Amino acid sequence: MKKIINDPNQVVQDMVQGMVAAYPEALKQVPETMVLARKDSPVQGKVGIVSGGGSGHEPAHAGYVGKGMLDAAVAGEVFTSPTPDQVLEAIKAVDGGSGVFLVIKNYTGDVINFEMAAELAEAEGIDVQYVVVNDDVAVEDSSFTTGRRGIAGTVFVHKITGAKAESGGSLTEVKQVGEKVVANVRSMGMALKPCTVPAAGSPSFELKDDEMEIGIGIHGEPGIERKEIASADQIAEELTAKVLQDLDYTTGEDVAVMINGLGSTPEMELYIVNKRVQEILKEKGITVYKTFVGEYMTALEMTGCSVTLLKLDDELKTLLDADSDAPAFRS
Amino acid sequence: MKKIINDPNQVVQDMVQGMVAAYPEALKQVPETMVLARKDSPVQGKVGIVSGGGSGHEPAHAGYVGKGMLDAAVAGEVFTSPTPDQVLEAIKAVDGGSGVFLVIKNYTGDVINFEMAAELAEAEGIDVQYVVVNDDVAVEDSSFTTGRRGIAGTVFVHKITGAKAESGGSLTEVKQVGEKVVANVRSMGMALKPCTVPAAGSPSFELKDDEMEIGIGIHGEPGIERKEIASADQIAEELTAKVLQDLDYTTGEDVAVMINGLGSTPEMELYIVNKRVQEILKEKGITVYKTFVGEYMTALEMTGCSVTLLKLDDELKTLLDADSDAPAFRS
Amino acid sequence: MGLDVQLIVDWMKKTNEKMQENKPYLTTLDQPIGDGDHGINMARGFQEVENKVTKETYETPADVLKDVAMTLMSKVGGASGPLFGTAFLKLSTAVKGAETVSYEAFVNGIEQAVAGVKQRGKAEAGEKTMVDVWYPVSEALTEEQDFTAEVLSETAKQAMENTKDMLATKGRAAYFKDKSQGHIDPGSASSFYLFEALSDVLKERA
Amino acid sequence: MGLDVQLIVDWMKKTNEKMQENKPYLTTLDQPIGDGDHGINMARGFQEVENKVTKETYETPADVLKDVAMTLMSKVGGASGPLFGTAFLKLSTAVKGAETVSYEAFVNGIEQAVAGVKQRGKAEAGEKTMVDVWYPVSEALTEEQDFTAEVLSETAKQAMENTKDMLATKGRAAYFKDKSQGHIDPGSASSFYLFEALSDVLKERA
């Protein structure tokens, strides 16, 4: 394991301190927690937006804290959901009297810990609502199973619910728009190389030199299917096809596209993938409203990428374009 | 070699097309060139800013094209300076009648090709000035040698000269402020793992599991010194010490800090490095005005980071803070 | 025979010992069908539990169990943290008041724990989760009249091994569908260590 | 004997052959003391040169050499592209007009080429660059009276090998200071192939 770290068991603490040190005017650390909040929080009268999850997905989630996006992000251990007490601290730190909205990625751990925090907060008299993001079409959706994972599409939920709250939306309105994004966003990922959890010390799985994994999540877990490595065009085609297959994107609405790098993929390669994705969408008559290429939701130093499509209506367009001060999503 | 590409000899073409496809409202490709320019260029009356170099440094350079930053970026083959005719096309595309300013990183190839382009442009009646960025303190500076390399500090030159031009600065004023940045910016990098040029197919050098390279550039070249791998704190201390040793940063002025990832380093680790860098600066009584943590100037999928410090006066602060629309540097 | 404060504390110390010892193994189990952190999570959590319960003094077993629950809940995270936490919280509530926990009270507590975990995790037996150790253990206990070290550890062990052939529908392993088969569920393995630790301390007492 | 259009075209084809063949080797040379692209650059450049000069028809050697220069200048990039381009441009200018290039004119052209490269690259002999092949070759040519295939290839080869012990002060290799010693300079190796190719076609003609 080659990493620029001090103690493998202290990476999250060190990172959180390094983040506050980077943006002292914008961020504050809620004392004795792994919660990073807007410096000016709680913003009175505004719905607070809280997200978070395991660490290792940087810039998610603290990079999205800022005016117009998240009010606080809770950092768990690497790939491990934060505990209910931490989430509760975040909720309390950002409650400006109009309630708090949680953006949860659909993992058993995140759902349980955030739900417990919501119960604790309600018990303290804070209104809490939440949405569970499950954009990963690699995983079958079923009410009898864990269901789909939340991956890169989550960033759109952050952006849009954050903008809604900033524009004065009520807790109910924020929840509605959050659910609208979740209903309209789908993603699919792949990987060429695994990653190593610092405290584990060894890679999460092995891949041969000519193999790739299709249907990867963002926790270094193996994918759904192992295949011979393909060209960028073929990869773009496969990922996009899976997404398009799952939701009808051709019904006259525009889409937002995100080509997300998982950590080690050179940006050059993300643009090469984007080239083909855009061609495919053009062929299908789908109009692209806005494209995002970069590292938005990573899995440490995993090599790979994901393709996310979000179907937009006028409300979502306006909110997507609204101002954001978050270091990792300025607009 | 595991890469998400089509043809190793077509990566730059594919990438450039993928970039225009990502930002069609902001960027245009100068026909039959590897030049990406602001959609609205040439901006009449404004000094045009052109930079570029070999590819593989993404988001440099095309990610910095936008209002308030570069007018055009020229993409050479991977780690290979673009040719004079390409640079000339960029100059012609952005000349709005007030001359064009080139930001050149100090590599023999870049300097020769950009200088030749400048000569050709002058012959066509376009005023051209330039600055050669040489911020890498790993390399000894001497008038008898190639001199220092230009690395991550170049991004500050892009930002500040771009802002100066946008604010109506003349070619001479842009050159002056460009030289001021170069005189006040220093960087130092290190790597844990090499990278692979697509057309070469094998890594640029080998490093044992317990080794790191200190004094690395951004072209996958080996570093100046090979050592046993150290902790993030020790790495931060060594890089920062080399930078501070080279220029007196304690003379009352504030600094901008950039912790730059070389491609594969998780953002988490960059923040861990930042934590210690900020502590050191505090200990030395150096006030930090603004911090940038992320991938600004990469070397494909190299694992490693660099630390850049820029000494600021009021003019530089204003220009650093000025608005920028560039996809990779919004402010 | 009943469980007193000291026995619960010993149980937790023994559990921690096993979690530390098997930290790499549990992580290895979590890599092919999860995210490779289960050993790290359990080792971190039970180390905190040991630190806590050896520092405090307690009146009743329920007090110890409550601290165990709260510690796991606030120090582990992930799926396993709140689920183990819930189990101990239910167990604590079930045995509240007693200075020595009778066999009947303990069996009832484990039943409550199973119900709590199932509810929190929305999981049933057979879905390749820790429920597949807790539930068989609970069933086996109702068949007995008193604490039997061997029954406890053997049932847990067998149950853990049975998860190998199961198809996951809950937790991260569910993402792998068929491919989840052939791997022991990590949370079932750590649950086995927990019950084996209880078995060990019961043996030491005997 | 003199150099005619066909010989120059053959020279370029032979050069390209060698660059393609030695592409991996040149890249390997550029990895420890450079950025690992020299073979790629040369192979790309001389492939374009071959494509160009076999497609066109030329009046004089100077016309071929000018196309070679422009092609290298616009298709290679890096340090080597404009430097090789400059060399051929100077050579072209020096032999302008003649249908057959005499030995004296060629020697003078190579001298001009060396001067051009030194000026563009701000390099002197002994700094571990391609100058360290071009300059010795130019020196050796002035000692001779006519084209001598062996002198050409042997001088170039020896000169290339001499770069191994040199300390780089120009180009990327300069970053490595002492560590640049012990490695052949990549641009000197490709320059050797260029002169060896000329030597080969001269032999074929003889």
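In this document, chain identifiers A, B, C and D correspond to the written order of the chains, with residue numbering beginning at 1 in each.
Simple rule for what comes next: a residue touches a chain if its C-beta (ideal position, glycine included) is under 8 Å from a C-beta of that chain, and two chains touch if they have at least 3 such contacts.
Keep in mind that what you see is a predicted model, and the values were worked out from it rather than measured.
Chemist: Looking at C-alpha means, what's the farthest chain from chain C?
Modeler: Farthest by centroid: D.
Chemist: Quick one: report the Å distance separating chain A from chain B, using the average Cα coordinate of each chain.
Modeler: 28
Chemist: Averaging only over C-alpha atoms, locate the centres of chain B and chain C and give their separation in whole Å.
Modeler: So the centroids are 54 Å from each other.
Chemist: I'd like to verify one number: the distance from the centre of chain C to the centre of chain D, where each centre is the average of its C-alpha atoms, in whole angstrom.
Modeler: It comes to 74 Å between the two C-alpha centres.
Chemist: Could you tell me the distance, in whole angstrom, between the mean C-alpha positions of chain A and chain C?
Modeler: Measuring from centre to centre gives 32 Å for this pair.
Chemist: Note the residues in chain A that touch 2 or more other chains, in rising order.
Modeler: none
Chemist: Among line, ring, star, complete and other, which best matches the way these chains touch?
Modeler: Drawn as a graph, the chains make an open path, so a line.
Chemist: Strictly by the criterion at the top, what is the full list of touching chain pairs?
Modeler: Result of the pairwise touch check is A-B, A-C, B-D.
Chemist: Taking the touch rule as given, give the residues of chain A at its contact with chain C in the complex, in rising order.
Modeler: 9, 54, 76-86, 107-109, 112-113, 116, 138-140, 144-146, 149, 197, 199-200, 204-205, 217, 219-222, 224
Chemist: Sort out for me which residues of chain A touch chain B in the complex.
Modeler: 2-6, 11, 14-19, 21-23, 55-56, 58-59, 63, 192-193, 209, 212, 229, 231-233, 235, 259, 263-275, 278-279, 291-295, 298, 300-301, 303-305, 328, 330-331
Chemist: Across the complex, what residues on chain D touch chain B?
Modeler: Interface residues on the chain D side: 27, 31-37, 39-41, 44, 73-83, 120-121, 169-172, 174-177, 179.
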